[in-house]
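Here chain A shows up in two complexes: once beside chain B, once beside chain C.
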Partner chain A sequence: MNRTTQLPDRRTVRDRKGAATAAPPPPRTAPRRRPTSQQWAAWGFLAPVTLYLILFYAYPLYRNVDLSLRNYTVRSFVQGDAPFTGLENYLTVFDDPTFAPALMHTVVFTVVSLVFQYAIGLALAVFFTQHFRLSATLRALFLVPWLLPLIVSASTWSWMLNSDSGVVNAALHAVGIDAVNWLTSPSWSLTSVILANVWIGVPFNLVVLYSGLQSIPASLYEAAALDGANAWQRFWRITFPLLRPVSAITLLLGLVYTLKVFDIIWIMTKGGPADSSTTFATWSYQLGFGNLLPAFGPGAAVGNLLVVAALVFGLVYLRVQRKQYAS
Partner chain B sequence: MNRSTGRRLAAAAMTVVALTASTAACSSGDGNTSAESADGGTYTVWDPYPQFDKSSAWAKLLDSCGTEAGVKIKRTAYDTSDLTNKALLAAQQDNSADVLIVDNPVVSTLAEGGVLTTTDDNKLDTSKVDPNLLAAGQTGGKTYGTPIGANTLALYYNKEVLKAAGVDIASVKDWDSLTAALAKVDKAGKKGITFSAIGTEEGSFQFLPWFWGSDAKLTELDSAEGVSALKLWSDWLKKGYAPNSVINNTQTTSWQEFASGDYAFAENGTWQLAGAEKAGFEYGVIPVPAAKGGSAAAPTGGEFVTIPVQGETGRYATSQKLVSCLTNSQNLLDTDTTLSYVAPTGEVQDKQVAADPKLKPWVDAVKAAKGRTSDDLGTKYPKISEQMWKAVQSALSGSQSPKDALTAAQDAVK
Partner chain C sequence: MTTATTTRPRPRPGRGRGRTTWWQTATGLALTAVMLFPVYWMLNVSFTRDQDMRKSPPDWFPVNGTLDGYRAVLDQQLPYLATSLVIGLGTVVLTVALAAPAGYALAKLRPRGGGVLSFLFLVAQMIPGIIMAMGFYAIYLSLGLLQSVPGLIVADSTLAVPFAVLIFTAFMSGIPGELLQAAKTDGAGPLRTFWSIVLPMSRNSIVTVSLFAFLWSWSDFIFASTLVNGGAHEPITLGIYQYIGNNNQEWNAIMATAVVASLPAAVILVLAQRYVAAGVTAGAVKD
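Now for the complex of A and B:
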């Protein structure tokens, strides 16, 4: 199976190596029969990482899938005899009145966060490529949101956005705008958590895109300047296209991070009020742990939906990347 | 070349299987040895009091009870919210603690999971405990532990704010007079009342005195009485008697608002007494009033001492000795004083009031209080509670009317 899947993908690699290994196949068969100590050593080196992957990735993932396919009650969780119910937990989740809003919030939260994080991050990265005094210091300061523990930044945001004693409402009041119930109004809570998440995500985009910009040769800009391209044209014709691979990986990583964002939302709004800021991540936690009576099955089902979503986008990324290399 | 990769992969997979099998063997071996060494005299105790370290009176009490029973104690403290899942996981792996101290509404969940022994099995004596407190640990006619202490909710009031607003606290007897008092405070330019209506169990805990005070029953969330209780809260928010931040307030943040000195009333628990002394203003405590006068039943908080099911039933006798030691009158008095709890037995309550007369309203409140899982609700309570806090959040944030919110909640429970 491994062989067949590898054939079409690795054609270029195989061709190159195939030419090299085509000549001496007979001598290679000799050591194959009796593994040398070198090969044993190779397996020995491979074992820890494989074991690690199985113990910490494959097994938990398998358990999560298993959890989502059984009807776990408190009793059957303890006794370990939960009956297999197929896709019933998934149907429960789809039928739940929370499903549609949670899906929409997850999409809105992810897309809006990504767009703003990327746009602001790119703008700042381009800004910082022009070396000026204190640019390094300023850049370091922009990293602060990234370095702070999430619980600190989320709590700070929730204090700032407090309806009655928050600094944001005090500022609005000072300029004569009515106070907004940032965290306690169903129409604002999602906006508030997105705002906080964008603030936290910008530094990551800034760092990755900035390092991407460093790898674009300055000679291109000089040539473009000589041809009379203005700054705007230089950005759209040189920076943006050459930054595409870096942008793709930034957006993909951002997507995975944003899909699973839990702490910020949980600390700021607990997904409320009235589910108005519930995403799949908080909903999964709410089902599994947010209640005195845990619903492990449906909670795991929601978690798996998230994993699948992230996986789909990961595959899309791989495809896009392969096409880029092919062209 | 490709063939050899395939073989290498297969070999690697086999190595891994072999290694996994051997580690599995190791870990099961570990399980055996730890069980054997525990037999030699180490008993494990899990509690939700991470604030107490090794040098605390609580840890010392555990050790002395261990010495009395002739065994060593290994204590682990967990965060309350974490303890339920830890206890369930441990039970799943047949690795439960010998003595488990858990929040009272969790007892029925653990009992449902078959994690806890009944008092018939473990021979714990619960005859001295107040029946209304013990009820939280009873389900299906069996008792699954004994309370170590209880706390409940009441209304703290700020004497200075009330005086400035011209409110006599004696006039606050029912919901109407309380709302009238809040209106006066509001007119005087101060803030009315703060509580916690957050979307977690804490929110339900705080709403229950009002819900029960209206004579509503948890089995019928959308009754006219229940709606009137939720309407009382949402009207306070609309009129500005209660701040909008209550929707996101935990009991701690709500207490911080009250401690700022601007608020006339705060609904909070026994555990804030120490903080109230430090608040820097004169305060008083009254029970939460019922809709038509008198005191509303408030929910009981506080933990139960339980004995989880063990593979080796021989351990129960010693565990029972440990629990009896922890809950004898003298130790209860000490423990409940440190925890700022009201004792679960009349005898110790009298001693507490004799030592500190300020506890009197709290002892009365605890006597009138009701367990959340009582009335044989058991594991139905968590589902009802979740829908209830959601309804409270919907109504207070204005996304649904109190009636619609509670009707939706009742439908979701079914």
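Now for the complex of A and C:
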């Protein structure tokens, strides 16, 4: 608030005059002429970012579609004369033995991550609404995993899950459970990257759901408590239904962002062993950059499938959000 | 804020309350400890001696601590850190320079087609990084911009610009119209109004945007690994990544680098936590 009051000090006399003239509604004649000049000004301010959007979003996206429709080799990639092959790259991708596992891993990774992130985030958000001593500080500390660079989190988890010297296996050993090859066994690698991803995603869910909980009127809980509802009933009858709009937003946004998770998986397992933790994001990178002989065409094709999925859910998200603003 | 106090009806204020909050604080501390254990473990390993690294069971505290890991950081990783700093600051400047005028125009000047533009920014945020990386790679290859710091700054800014435009638009919509009207009456053009009134008033949102832009470009791995891999100037994320690949024995050095790479996040959390929370709840953030 004091930000607004600071300003007049600087512009003393003229400002007072301006403020006085601003109080009555603006003169009738002005608006008719202003729109054109204001339009020019507006688009003047928007010109750099519009150019930026075209150059650095639209064009890379276009190049990517172009890549996926041509038969690129390293040589033709540099020279730019790759022959047009239509949807052949997509057919190659669909026929690839990696396609079905990659699709399944992407779905499992996304759904399981979301379920746990949301459930844990919500439980913590409800817990933190009871304002106890240190609650604000602890809530802030919960942000740490989300703020850390992904390479830091991923390499820390890699070492913690190391088969021979990792602290997780040491802890399991202490309670009499055999060592698990978290990152090196095909049956565990996907679980391991999901575990790390849940850890990274919980803070986001916590913060958004916590702010959603703030908007539920306290009087509802008081009334329910007077009617003898216990904590469990209050949660399921009041908190959960009233939080539904915020939950929908959180989950959809989480979905869009989880679909494109790449860093964690690539750093921890490189999608392996034997493609057991490959998702579309890592597969696309593997095809384009992971081998000595890059397959840019198929890589771009896989990437474009990912874009379509992300955009579909993204548009659903925007629709839901708009509907909520309207109501 | 305070309304949340009553989400759960408390026992009567007074003596009973002290006891309730006591066990709640204890539970909170325990949960935080579990959540932050990986961070603690990173610190612990960064101080562990090489010969203790593969001990079973591992030392839970760095009793025989060593600073060898940090010495290795000083010897080998400083150029990477400096590159990351330059790239981070460059990204901040570029992001604010592009997004602040756009936010002003979208919030206050009612441009025709502004709605479409805002929508495009929302959509742009959802494009997976790998797609952008591949597109940038193809373009930079033909422009000869691979392995260049400015190229990486531009690529990293795409992580933050859409978010920044949304934040600026939301914030600048709150600036009273009378103030801008008054400036206009005094003869200030749109540029002058923007520079002398809108920008100074938007200090908070500039801080929020700068923090996130810096943090995201500092943390970026996908653009770095595709666009500047093998170049003369590589950021710290690549430094760590190559460390893991080259010598997977010296985990104290790897974890010490990770600790140093986490410092910006720690500083931001301590000094600017309210800006972070503001950014997250603006609803348009990365995960």
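Just so it is clear, the second predicted complex is superposed on the first by the 281 of 327 C-alpha atoms of A that agree within 3 Å, B and C clash if a C-alpha of one lies under 4 Å from a C-alpha of the other, contacts with A are read in each partner's own complex, and residues count from 1 in each chain.
Definition applied: a contact is a pair of C-beta atoms (placed from the backbone, for glycine too) under 8 Å apart; a residue touches a chain by one contact, two chains touch by 3 or more.
Keep in mind that what you see is a predicted model, and the values were worked out from it rather than measured.
J.: Put chain B and chain C onto chain A via the superposition and say whether they clash or fit.
T.: After superposition on chain A, which the two structures share, chain B runs into chain C.
J.: Is A:Ile177 in contact with chain B, with chain C, with both, or with neither (first, second, both, neither)?
T.: neither
J.: Can A:Arg75 be said to touch chain B (first), chain C (second), both, or neither?
T.: In the superposition, A:Arg75 contacts chain B only.
J.: Of the two partner chains, chain B (first) and chain C (second), which one does A:Pro145 touch, if any: first, second, both, or neither?
T.: In the superposition, A:Pro145 contacts chain C only.
J.: In the overlay, work out which of chain B or chain C sits against more residues of chain A.
T.: Comparing touch counts on chain A for chain B and chain C gives C.
J.: Applying the touch criterion given at the start, work out whether A:Lys260 contacts chain B, chain C, both or neither, answering first, second, both or neither.
T.: second
J.: Between chain B (first) and chain C (second), which, if any, makes contact with A:Thr269: first, second, both or neither?
T.: A:Thr269: touches chain B, not chain C.
J.: Could you look at A:Leu46 and tell me whether it touches chain B, chain C, both or neither (first, second, both, neither)?
T.: both
J.: Tell me the contact category for A:Leu293 with respect to chain B and chain C: first, second, both or neither.
T.: A:Leu293: touches chain B, not chain C.
J.: Determine, under the contact definition given at the top, whether A:Val320 touches first (chain B), second (chain C), both, or neither.
T.: In the superposition, A:Val320 touches no partner, neither chain B nor chain C.
J.: Under the stated touch criterion, which partner chain does A:Ser158 make contact with: chain B (first), chain C (second), both, or neither?
T.: both
J.: What part of chain A is shared between its chain B contacts and its chain C contacts?
T.: Touching chain B and chain C on chain A: residues 3, 6, 17-18, 21, 39, 42-44, 46, 50, 77-78, 80, 158, 164-165, 289.
J.: Going by the contact rule set out above, which residues of chain A touch chain B in the complex?
T.: Checking each residue of chain A against chain B gives 2-3, 6, 17-18, 21, 28, 32, 35, 39, 42-44, 46-47, 50-51, 54-55, 73-75, 77-80, 97, 158, 162-165, 181, 183-186, 269-276, 289-294.
J.: Within their complex, state which residues of chain B touch chain A.
T.: Spelled out, the residues of chain B in touch with chain A are 1-9, 11-13, 15-16, 19-20, 84-85, 88, 91-92, 105-106, 109-110, 112-115, 198-201, 243-245, 247-248, 257, 379, 381-383, 385-386, 390, 393-394, 396-400, 412.
J.: Can you name the residues of chain A that touch chain C in the complex?
T.: 3-4, 6-7, 11, 14-15, 17-19, 21-23, 26, 38-39, 41-46, 48-50, 52-53, 56-57, 59-64, 67, 77-78, 80, 124, 127-135, 138, 140-145, 147-153, 155-160, 164-165, 167, 170, 173-174, 199-202, 204, 207-208, 211, 213-214, 216-218, 221-222, 225, 231, 234, 239, 249, 253-254, 256-260, 262-263, 267, 281, 284-285, 288-289, 296, 299-300, 303-304, 306-307, 310-311, 314-315, 318, 321
J.: Give the list of chain C residues in touch with chain A in this complex.
T.: Contacts found on chain C: 1, 3-10, 20-22, 24-25, 27-29, 31-32, 35-36, 38-39, 41-42, 45, 53-58, 97-99, 101-102, 104-106, 109-112, 114, 117, 119-124, 126-139, 141-142, 154-155, 157-158, 161, 165, 175-176, 178-179, 181-183, 185-186, 189-190, 194, 197, 200-201, 203-204, 215, 218-219, 221-222, 225-226, 237, 240-241, 244, 251, 254-255, 258, 261-262, 265-266, 268-269, 273, 276-277, 280-281, 283, 285-287.
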